[in-house]
Structures are given as C-alpha cells and as structure tokens.
Amino acid sequence: MSVELVWSRYGKSSVRLVKVRRASDPHDVIDLTIDVSLEGAFEKVYTDGDNSACVATDTMKNTIYAFARRDPIDHVEAFASRLADHFSKKPGVSLAQIAAAEHPWTRLPADGRPHPHAFARAGEEDWTTVATRSAGRTSITSGLRGLVVLKTTDSAFAGFPRDEYTTLPEVRDRILATSITATWQYADGFTDFSARTGIRQAMVGAFAAHESESVQQTLYAMGAAALAACSGVTEILLSLPNRHHLLVDLKPFGLDNPNEIFVATDQPFGLIEARIKRMPT
Amino acid sequence: MSVELVWSRYGKSSVRLVKVRRASDPHDVIDLTIDVSLEGAFEKVYTDGDNSACVATDTMKNTIYAFARRDPIDHVEAFASRLADHFSKKPGVSLAQIAAAEHPWTRLPADGRPHPHAFARAGEEDWTTVATRSAGRTSITSGLRGLVVLKTTDSAFAGFPRDEYTTLPEVRDRILATSITATWQYADGFTDFSARTGIRQAMVGAFAAHESESVQQTLYAMGAAALAACSGVTEILLSLPNRHHLLVDLKPFGLDNPNEIFVATDQPFGLIEARIKRMPT
Amino acid sequence: MSVELVWSRYGKSSVRLVKVRRASDPHDVIDLTIDVSLEGAFEKVYTDGDNSACVATDTMKNTIYAFARRDPIDHVEAFASRLADHFSKKPGVSLAQIAAAEHPWTRLPADGRPHPHAFARAGEEDWTTVATRSAGRTSITSGLRGLVVLKTTDSAFAGFPRDEYTTLPEVRDRILATSITATWQYADGFTDFSARTGIRQAMVGAFAAHESESVQQTLYAMGAAALAACSGVTEILLSLPNRHHLLVDLKPFGLDNPNEIFVATDQPFGLIEARIKRMPT
Amino acid sequence: MSVELVWSRYGKSSVRLVKVRRASDPHDVIDLTIDVSLEGAFEKVYTDGDNSACVATDTMKNTIYAFARRDPIDHVEAFASRLADHFSKKPGVSLAQIAAAEHPWTRLPADGRPHPHAFARAGEEDWTTVATRSAGRTSITSGLRGLVVLKTTDSAFAGFPRDEYTTLPEVRDRILATSITATWQYADGFTDFSARTGIRQAMVGAFAAHESESVQQTLYAMGAAALAACSGVTEILLSLPNRHHLLVDLKPFGLDNPNEIFVATDQPFGLIEARIKRMPT
C-alpha cells in the first residue's frame, strides 16, 4: 500500500492578545483572539520528521505579540494583513492566513460621561476578520458572529409543501429569533475598514424592517442591505440558525395564548445559509 | 446498618419562558429561565416509592406557563414571589423556592429611534432573583451575573507577604478585569424592585472610580456603594473572579512593554468573595 | 450609613496540574484541577487596602506545583489534606480548603496489553475531593461528577398528585437517565481512600438493579448502597438531574411507538437532591 | 445595484434521537444527533418569499423519527444514507446531506457481567458519519471526534527553524496530548461499516507506538495506519490540536523538574491538519 499527503495546514490557534493604548487619555482597549495557519511545502515534516522548514507555532505566538507592540492596530484587518504578509515570506509557505476575532468593550459611564479607562464587555458579539496571503495577493474578509436578535411580529411561515411527515401548521405571525453570523469579502485594494459599522447597521435594520415570509427571505434582505451599504463589499455569506420559540398550549389550563407565552428552545434548530454576490453593472 | 434521609430538595430547573407583551405598541419581551425547588415532608417518596405527595416537576413547568399568561410580570421578583406562594401551599411543602434569571433585550435602532418590535440581546449579563417562601414568610434577593468589566489603570497589588513559594512581583499599575456576580437581600416587605438599576449603577461606578489596592478592596467598595444606593437592601454577596491579564515579556525581541501588551488568561484565576451588611444605626 | 464585612473567602481556582510518575516503567499520569480557598482575619485587606496578611493567589499556585514535586500523590485526598494543612498555618487563616477534581486516564491497549506510557481520557467523569482544615481538625469528602447513566426499563413514575396544572400521564415503563454527582463524608481519621472504587460500584450497581418508582427512590437506594459499601463513610449527598427522554408521538405518521423512539431533551430538567446519613447503631 | 444568490443551504440541525431496541433481551441503545441539509433550486424562497418548494425543517425532524421507527439502524451510515436518499427526491433538491453523531453507551457491570438494560456514557468521544446524495450518487464518510489521548514519552520537537521571534527550546522528550478528530471517505459501494472499530484501533495504536518528531509526523503515521487497516477507505482527514503541557519551572523553590510536573493549558494551542490518500497501485 502506498499513501500520499494531499493537503496539510498547521498553525497556532486562540492566541489571546489585549492591547492598551495609553499614550493619550482616555485609554483604548483592543481585545483579540488570533489564529495563524500556514500551508505549503511541508511534506517532509509529515513523512520524514524533518522539521527544518516547520516554523514553530510558539514562534507564531511570539510574533503576534511583538507585532502588536510595534503596530498601532487601528483596524484589525490591517494588522492581520501585516501578519499574513510576514508569515507568507517564510520558506516553503504558499498560503498564510490570519483569522482574528475582536471582542468589543464599551466605556462604562461615570457622572453621565464615558469613563476614560473603565470598560464593560459589550456582549457576546465578536467582530471577525480573515486575511489570506497567497500567490502575492492578500484577500480580506470581515464579519461578525454572536449578534442575537429577535422580532415579535412581522414574521410568517406558510405555503410550504406538505407531505406524509408534515405536521407544522401555517403561521402568519410568529417570533423570529436568530444569532447572526456574517462574513463579507472586500474587493482587492479596499482599505476603509471602518465600513464595518455601516454594514452591521444595514443588516440589523433590514432584519427589523423586513416583513418576513421565511428566515431565507429575511437573510436575503439582510445580505442585499449589506451589499448596498458598502460598495467595497463583493459578496457576503450569512448563516442564521432559527432559534425556535414555540407557542405554549395553555388550553389544558382553560387559558388562551394569543401569541404571548413561548418556550425558547435550543434543539433542534433550523439552519439557513446563503452567499449573495454583487452583480457587475 | 440503618440509614436516614436527613435533607432533600427537588424541583424543575431551566424552564425557558419568553413572554411578549403585545397589548399595546411597542411590544415588550420578557425572557426568563426559571428553577423551582421544594423541600418538605417527602421522606416516603425516597424510602417507600410513595409518590402521593410528590408534585410532578412537569406540573411545576405547566404552572409557570399558566401563571405567566395571567400575570403581567412587571417585576420578576413579584412573579417569582407569587409562584413561591403557590407551591408553598402544596401538602407537605415546608419551603418553596423560585430562582429566575432574566436575559435582557434592548430595542434595535430604526431610523434613529428604538424599534417597536425588534430587539437584540444586551449581552451575557443576566439579572437574577430568588424568592423563598417558608414558615409564612417570603424572602427576596435580586442580583446579576456575567457583567464583565475591566479597568486599564488605578489598580495595584503590593505589600503582600512573601514566603519561599512567592515569585509574584509587586505592581502599582495593572489591568483589573472581572465578571461580576452579585446577590443582594431585600428587607422584608420591600417591593420597589426597580431599585435594581440604581444598585447596578452604584457598583459599576465604584468599580470604575476606585483606586484599587486589591480585588478585595474594590469588592468592598462596590458592596458599600450598593448598600448606599438602596436603603431597602440589608446585605450583599459579591463574587469576583480575577481575570488575570499577564504582561507579555517582549525583551527577547528587543522590545519594551510599558503596560501595553497583555495575554488574557482563563486559568488559573483568583476568586474573591465577601458578604457585606448594613449595620443598624 | 455604616457597613460591615460579615464573611469573606478568597483563593486560587482552576490550577491545572499534570504529574507524570516516570521513576518506574510503566508511567502513571495524575491529572488534577485544584482550587484553594482561605477564610480568616482578612478584614483590613477589604476595608483598608492593607495586604500584609493577604497570601497572593499566585503564591498558592506555586505552592501546589512545589508540593506536587515532593509528594508522591498516592491518593488525592492525602495530597489535598497536606496542602490544606500548609495554608492553615499562615497568619490569620481560620479555614483552609483544597478542592480537587481528578480527571482519570486509562491506558491505551497495545498488542492486547495496557500500554506503558500511552493513555486515553476515560470520559467526562471526574473524581472530586475536598479537604477542609479548621480549628485543628481536617474534614475530608470524596465524590464524583459527570457519570452519565441510563436504564431502558425498570423505571416508573405514577401515583403523583394531580391538580389543575397536571398533564403528565402516569407511566410504568420509561427511560431513566441522569448525570450522577455524589459527595460523601469520611469519618475523622479515615485514611483508606481507595474506598472510592467500591463506593462508585455500589452506587452504579444500585442504579442498574433498582426497580424505580421515582428518581427520588433510586437516589435513596444509591445512597444507601454507598453507605453500606464503606463503613468509613458517615453521610452522602447525591444530586441527580432527570435527563428526560420523551416518547415521540408517531401517530400522525400512522406508526405506533412501543417505548422505542425518544427525543433526549436538555431543558427543562428535573433536579433531585438528598443527603443520607448512617445512623448510630 | 443588482445582487444574486450564488449559493444556499438549509435544514434542521441537532435532532436528538434515542432508539431502544427492546424486542429481544438484552436491550440496545442508539443515541444520535442528526443534521439534515439540502441544496437546490430554492432561489424563489430567498428572493420572492415563495415557500412552495421549501420543505419545512420541522418536516425533516418528523421524517427522522418516523424512519427511525421503521429502520433497524444497524449501522448509522446506512440509516443516514436512506434519509439522504429520501430527501434527495424532493422537488428542487440537488444535494441532500445527513450528518450524524453517535454517542456511544457501554453496559454497566452487574455481578461481573454486562447488565441487560443499564448503561453508562462511554465518554466524550462521538462517532460521526456524513451521507451525501447528489447527482444519483451517495458518498459516505465516517469518523470520530473527542477522543482525547496523551503519551508521556516518545515525543520530541527539535530541528525547527529559529528566527528573531523564536524562544522555544528544542526538546527530545515531552508530553504529547491531543483530541483526535478524524473523517475518512469510503469507496463507492462500500457497505461494511463495522470497519470503524478496526480503523479506530489502528489510529490509536499508531499514536501509542509512534516515536514522534512532531505532531505532524504522528498524524501522518495515524492516517497511514487507518488506510492500511481498511482497504475500503480512500482517504482520511485528521485534525489534531496540540494540547500543550508546559514544564513548570520549580527552580525558584530549590527543586528540579525531571519531566514530572506540568501545567495543562487550553490556549493558545497548535492545530495540525492533513488529508492523506491511498495511491492507486
């Protein structure tokens, strides 16, 4: 029998980096979790135990901290891009990828104003970015995950096919809840990474305003809104779990339930995913 | 050998209840996870398999949903109290306890105003309450958990004893980060449960403003501030994990690190807990 | 307003310690997560920021690793006891508690025999111990958690009271599943900590053999079996979540369901707890 | 601006199914978590809110339970394949995928023999399978995840390149620990899904026996062993996080540390992944 290594990737995951910008008052906090991964001509590491081309993952971690000291980290996308560029130059590397999750902090209030050096975690939402350097080109995506939203009306699900296993009633008014994961691709050369705020607002606004016939249709509206909000975005991938809120049957207790009392369930859940692309004009 | 049941408790945990108040526009969302537990004369359930006094935990769940339909749920404390009262009247029950965690939602913005029926989860922070009914008296606590805060300066730790196992250097300036868990006891008959907001603000304000010599001292300042903020609170229990942010040694790379680059660690962590009580005047 | 510190506790949590005993072949692995906590005369730490009596939690961590090098760690109970003794002698300490969770590993098979230095994690089950040193006396408990068991028959739940909120049907045959958490107290001076194995077997055997009328009754049988298995155990606390397996209604699809197809649910869950004590003879 | 849906997928995730085979004594338990996903001509669902082709995810869930009642479920691979075939015939569907995770249970001992109807969860290890039906062809993979293994010797990491950010010392003897995730592809028409046991043993045996120069080299040995163990496997994907065990520096306490005392860390971690293929002979 003969076997062959057809693909490999390795790196360091979950490098936790907190940078305090304290040169000026007030302070800023940047809180990141970073993954490095490399692909390339590493066959002999696997087949022969020859580590001469194998950059230690510990070295990757050290490199992140050293770069973080020198780099102002204005936008995570640019920081990730510089790291990807650094690792792509190591012998044998054909692709270097830096994935970063930013954990946002908001200033605590003090006497009605934002405090200069005290912060609270803004929630479960992370801002994500992936910078991929390969064949002399850097590709950059941004995104978010863990943004949990819910609407109490303007959501229906009806008109779906019924077969011998269908029991779900049609509904014109239900709760729609999801945890948004979105990743959008920037055009080559795009650098205004402050675009994230407007893209996020556009998606959230579309979620709130949409008269929904399905999670699918709402997803599409959100994706289209994101593309409309920033001309530098070429496509967007959205992943929306349907966090079902089931109407509780209160009839056994002599009570009606006019869309008021729900049980929130974790499993099973619907999962709706799509990629939406800007068309050339 | 002879054995005896010396204590028992049973109930239903993690009942997920979402109530939409839709009578008027805009809608409100109340999102709760509720635990019921009972103590009492249940020995025969354990020793003889005699279930004649054993209220089914499924019945507890049903009761919560039925009560939620009838009850406006203005404050979770009052709702929990009414449930505790109901279960305390069941045969054999000597103590009925309702623990509730409220998961807050904030309105999404729409055209610069809060949206009437679209919401986002406010974060990982839960608001907690426990209503305990026993011997004709109801005791009520409120609290919060998962409020993650951080300050980039005004925190020191020095002057601690050094023994043969001590390697920690003294520091006058460090990051202080924690996830606040607080539970405060209301005086008998207290009913203004909107006090929560002011108590929370007082604790957070104390965290931000404190010139800290230790997590312990900051905890005490936060507890004292909570007691000062609401005269109806008789005591408060605070639990503060010390989420260590370690300064990264960049000297091997020819770089200094003027309190700027940190690694956030999960384990091990310090854990500081105390109960602080208002003294009779 | 005047406030007072009425109770406090502090320490280091989640110290991860792996010890390899390699003096002889085959190797042994001991994998522990340890929490240290101290109570005592620490008021001035909280109220005045005076750290002169405040043993640093970092020192606690160092002490654990140094003790682990010197101590053979034959039984975790004895190791925890030695650490509790050490910390109890620090100035101001009135109570020192060491809680340890042991994560068991089993030897991988190699050519039909246990491998001398390769291991697999045995599962989610942890073995726990708490050694508490106070007022010149050391109290020791052992236990386990995360032992998930299920029986497909010999479990009923019927004869419970029915009120206006009861919808649960009586059943004579159901799935009974739980995740066992148990903590037992050893008598003063007891030192044969290998008793754990027999106590565990007794509980598991009782779970399997019991003709159950309720989780409560099975809990009691398990506790009684544990006490019978080891005369050095004075009492045991058991906590058994009822991991409900709900029978799926297949009638809409023209199918019966003779106790065969179930949906396993996470929430809500019943929670049954009791403490059972050996009576003096 | 014009946008286009370029890819979409939807389905039901985390359908929890427990089947008890009780026709004969002893009982068997099959415990599965199943995800269904469909791709196809669903554009109008997204763009027009036209649900006429959108099989409800609730119907998917019902279908799983009904099939489970009729199907003996001898091997999960075959059960997943039948479900994939069913959904692939729905209008518009171009690809139907069933992913299943099996949670193994072992029989509890009773009087030295396996108990006929009482079980314990075997650990955190899941057995996985994915059946994909598309263009008239079904592709089947099997795998496992959560198999945590550790070896206390026969693991080195040296000879790696050193740059200005490298501080890691070379080591000839270290702990190697990982949580194995493996997915292997069966050749078309392969049906002997009991092969899983032998493939698992081969990988674990290779892990134990390998004189490792790196996680990469051990991964390759494990993959080659899996391919050698079953001629019906065409390729295997392995993902091995390096769960670092760091040697504790005990010199400050006047102690040596001859590879004996380690701190187990969660983050950051190395992550090594590769795909290994059988070559045509």
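The first chain written gets the first letter, and so on, giving A, B, C and D; residue counts start at 1 in each chain.
Just so we're on the same page, contacts are C-beta pairs under 8 Å (C-beta built on N, C-alpha and C of every residue); 3 or more make two chains touch, one makes a residue touch a chain.
Fair warning: this is a prediction, and the values are worked out from it, not measured in the lab.
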**Item:** Set of chains adjacent to chain A and to chain D
**Value:** B, C
**Item:** Pair joined by the larger number of C-beta contacts - C-D, A-C
**Value:** C-D
**Request:** Average the CA atoms of each chain to get its centre, and name the chain whose centre is farthest from that of chain C.
**Result:** A
**Whole-Å gap separating chain C and chain D, where each centre is the average of the chain's CA atoms** = 29
**Prompt:** If you average the CA atoms of chain A and of chain C, how many Å lie between those two points?
**Reply:** 37
**Fill in**
Touching at least 2 other chains, the residues of chain D are 16, 62, 66, 165, 167, 252-253, 266-267
**Message:** So in the complex, the part of chain B that touches chain D is made up of which residues?
**Reply:** 164-165, 167, 252-254, 266-267
**Message:** List the residues on chain C that touch chain B in their complex, please.
**Reply:** 1-16, 35, 37, 42, 45-59, 61-63, 66, 90-91, 157-163, 165-168, 212-217, 219-220, 223-224, 227-228, 235, 241-242, 266-279, 281
**Prompt:** Which positions of chain D touch chain C when the two form their complex?
**Reply:** 16-22, 27, 29, 31, 62, 65-66, 68-70, 105, 108-110, 115, 117-124, 147-154, 175, 201, 204-205, 207-209, 245, 248, 250, 252-253, 255, 257-265
